[in-house]
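Each in structure tokens, the structures are laid out below.
What follows is subunit A paired twice: with subunit B in the first complex and subunit C in the second.
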Partner chain A sequence: MEFLYKVVRFLIKCMFCVVSVGPIPSHIAFIMDGNRRFAKQRNMKVGAGHEAGYFALMSMLIHCSELGVKYVTAYAFSIDNFKRRTEEVECLVDLMTEKFESWCREDSIVNMFGIRVHFSGNLQLLSEPLRDAAKKLTAATVGNSRVFLTLCVAYTSTNEIVRAVEKSCEEKWAEDQESSVINLSDIEKRMYMVIAPDPDIIIRTSGENRLSNFLLWQSAGSCLVSTSAMWPEISFWHLIWAVLNFQRYQSLLKKKL
Partner chain B sequence: MDFNKESQMSCSWYAQIENRLLQLLWHLIHVTIDLCYFPLGIADVLESYLISWGLLGRYKSFNVTKLRYLAIVVDSEEVYRTSKIIKLLQWLEAVGIKHVCLYDNEGVLKKSKDFILEKLDGTILFWDAHENDVLSDRQHMTLEFVSFSDGKEAVVKAANVLFMKYSKSGATDQNQKDKIFTESQMSNTLITVGSGGPKPDLLLVYGPARCHLGFPAWRIPYTEIVHMGPLKSMNYGSLVKAIYKFTMVQPNYGKLFFDLHCCVCKH
Partner chain C sequence: MLSLRFAIPFTPTKTKPKPGLVVQSGWNQTDLLSSLPRRCESYKLQAATADLTDGRGASVVELPEGLSRELMPKHVAVIMDGNGRWARQKGLPASAGHEAGVKSLREMVELCGEWGIQVLTVFAFSTENWIRPKVEVDFLLSLFERALKTEMDSFRKSGIRISVIGDSSKLPASLLGLINEVEETTKNNTRLQLIVAVSYSGKYDVVQACRSIAERAKEGQIQLEDINESLIEQELETNCTDYPYPDLLIRTSGELRVSNFLLWQLAYTELFFAQELWPDFGKEEFVEALSSYQQRQRRYGGRHS
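So, the complex of A and B:
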């Protein structure tokens, strides 16, 4: 079994070496859709579906790190998700709190792979334990630099835009009260996602073709990839397929230039 | 010394072989992908012709009322194919689509709007139809023309309007601030600055890749985005198939409903 695992890992590394001949995206974003449907199909509790989704995220993070992708963003919890049943929201919050606290340990997978974690979203909407766990994790991983992981929690793009406009107005008022004019760079540098470049690829699972209020501002030039696999089923092959299609698109752009 | 030099040359030689092999494998993978897409492309074209000839029953007539607002995004490289765009709009009208928004990043379609409207009998601008309160009872299509200036630039204009409100409120009252900086205030302010159209249900992208190319972000939070391929290869069958698929989709939205954001007043 261990031998088979080593063979599979070797083949994956070979595949990465081949794919790396072409351009590798610097930023991949994931809309992690389908945990509940995955659980329902397998007669599991919804919480088990989200747990399976967590392992899928870890797997994607490791693959992105090995492939040389510098920035990874994951849509973990939308502001719209607060409308779900209370038990499910509590289950998700508990899962996130538990995982963020475990990631703070020195020997956690996040530190082993040099992943720096950042949170995008209106964290004031979160419960205090989750908000504290998020802040603690951000501080604990600040020294890592191999991969920048942004977790969008209590996030929607429309909320991000309004909050960036609000901050711009507050800070302009504080600078120079009435005569200030807000420009595009004022708003963009106050976006939650300012720490990462615009995504090259956005991958959504479960066959949906919408962005669901995710990175609307940043996705003008992003290749949108949709796969029918549910989030816990996402694999190395889906990632490779998305990157190969990105490389095809890049070569089309080069031919035009 | 000679041994070291020889050993370095061998390593360099092996590295070159390895690079060449990797490059060959990479090209092989991409050629294989192109070969896989080729029969799929042929199958798509065949299916499109069958749909166009009315030979596939389910596409012959279906209910398009679910598709209240359709957006078309055209890549800047193809935006000068005005005759293709006019043909596309004629097909949409034939299918029964009532409201269409045309987008290209540079605003070339906006500049050609008079020419396009002239070629389509009875089609008027969406905003004119709204002002005259004839949106729901029109026989013909309405058109809206949108570009990059209606996206990020419009948000900047709206931000400055909100900043004026914030300044007038004295900028100290938290309650006032909570009332000014809300999503509904932003939506209303975008309408005031002239960029607050309805949120499309479906967005069809005519270009080399599935990218929305900067369509106003505020308007597409829950919009279905479908890639149609290059405009030069557009065909009626693919268009009908994309619209049919949309009408069959049962969404699982976090948000409970769509709102058309039919506006109070544009100007």
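So, the complex of A and C:
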């Protein structure tokens, strides 16, 4: 079994070398869709599907780190998801609280791989234990710099823009009472996602083909990739496929210019 | 945790869609080596029956097999990409590609009107397109002017309402005057609304909406804490229609991005990326896109069960 594992790791490293001949995206975003359907297909509880989804996220983080991707963003919980059944929302909140607290430990996988964690979203909508766990995790990983992971929690893009406009008005008027002209740069620098460049690739799992109010502003030039695999089924091959598509798109763009 | 399972391959399904079966004609359906044009089964279109009309007084045309009128999207948006590449492939100048693109648009407008789609928004010219060679830009603007002049009567007679969105400050005065005339002449038409995005940027649409709201807040008409998504939506340029959010976005030519089109309005839009270049996108390809749309489950972040 250990031998097989080493063979697989060797193959993965070879694929990474092949792919690295072309441009490597600096930012990949994931819409992690399909946990519940994954669980239903296997007669598991919904919670087990989300737990499997957590391991898929870890796996993708490690692969992105090995490939040299600097920024990773994951759509963990949308403001729209509060509409779901209470039991499912509570299960997700408990899972996130537990994992964020465990990531604060020095020997956690996040610290081992040098991952700095940031949160995008209206955290005031979250329960206090989860909000505190998120703040603690952000502080605990501030010294890491190999990969910047942004978790979108209590997030929608339209909410992000509304908040950016409010802040722009507040801050500009505090500086200059007469000033009321809001510019593109005023809004952009007050977005939650200002900490990362625009995503080069957005990958959505489970076969759906929509953005679901995720990174609308930042996705203007992103390569959009969909896979029919459920989120817990996402693998190294999907990532390679997405990167190869991104590289093809880059060369098409050069020809156009 | 590494999986030894291999990825499910990204293969397009070409079978005719059945009710309840999800058709996986999604964002990225070809492998790198495949550049063959996609062909689907031809759909028979029954002759229109003269004694059937829809609520807007037009004759109801029977839909192609597999499509349902109840599931037809109210608003379809299109990024008409590929005119230049189409012309290059045929050894023609870019202008020929754009002329062929106008023909495709004409066909799509007719089909939308016949099949009960209420709004069609097309991305004709983006703010980023201003950097193209001046000759091409001038040609595109004059083509748009010519098309408006020749089609004005036809729009009036066929009940099509024209709206133009985008930054008009860079457009020539003659074109601006014509746009105002066409919008005024067709403003009471109800069969189909054709929104043409010219010199348009999704980001700037949001910025100008936010700017208007900031002005109103400064003047005390609204409080800062009252700024919400609904207020912004009302100020976007798509406030010229009752259905500002596209249900379906189609982009042709195989490119997998939205290129600063609409953005805010695309929050929950179903995306369909077609391999065909825009001048080759016809009835069959449109039926395939609509068929894919009609198979999808739209949950808006919630759950159906």
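Just so it is clear, the second predicted complex is superposed on the first by the 256 of 257 C-alpha atoms of A that agree within 3 Å, B and C clash if a C-alpha of one lies under 4 Å from a C-alpha of the other, contacts with A are read in each partner's own complex, and residues count from 1 in each chain.
FYI, a residue touches a chain if its C-beta (ideal position, glycine included) is under 8 Å from a C-beta of that chain, and two chains touch if they have at least 3 such contacts.
Given the structure is predicted, the values throughout are model-derived calculations rather than measurements.
Considered on the superposed subunit A, subunit B and subunit C are sterically incompatible, since they clash.
Within the superposed three-chain model, A:Y5 lies in touch with subunit C and out of touch with subunit B [touch as defined at top]. Applying the stated contact rule after C-alpha superposition, one finds that A:W237 touches subunit C and leaves subunit B untouched. Using the contact criterion defined above for the overlaid structures, shared-chain residue A:F113 touches neither subunit B nor subunit C, since it reaches no partner. In the superposed pair of complexes, A:V18 makes contact with subunit B only, with no contact to subunit C. Of the two partner chains, subunit C is the only one touched by A:M58; subunit B is not. Once both structures are placed on chain A, subunit A residues 78, 80-81, 83-84, 156-159, 161-162, 165-166, 168-170, 173, 180-184, 187, 208-213, 216-217, 219-225, 244-245, 248-249, 252, 256 are touched by subunit B and, in the other complex, by subunit C.
Residues of subunit C that touch subunit A in their complex: 1-8, 10, 22, 24, 26-28, 32, 84, 202-204, 206-207, 210-211, 213-215, 217-218, 224-225, 227-229, 232, 255-260, 263-264, 266-273, 296, 298, 300-303. Subunit A meets subunit C in the complex at residues 4-5, 8-9, 12, 36, 55, 58-59, 78-81, 83-85, 88, 156-159, 161-162, 165-166, 168-170, 173, 180-184, 187, 204, 207-213, 216-217, 219-229, 233, 235-238, 241, 244-245, 248-249, 252, 256.
Contact residues of subunit A toward subunit B in the complex are 17-22, 78, 80-81, 83-84, 156-159, 161-163, 165-166, 168-170, 172-173, 177-178, 180-184, 186-187, 208-213, 216-217, 219-225, 244-245, 247-249, 252-253, 256. Of all the residues in subunit B, the ones that touch subunit A in their complex are 22-23, 25-26, 29-30, 33, 77, 152-153, 155-156, 158-160, 162-163, 166-167, 171, 177, 181-183, 186, 208-215, 217-218, 220-227, 251-256.
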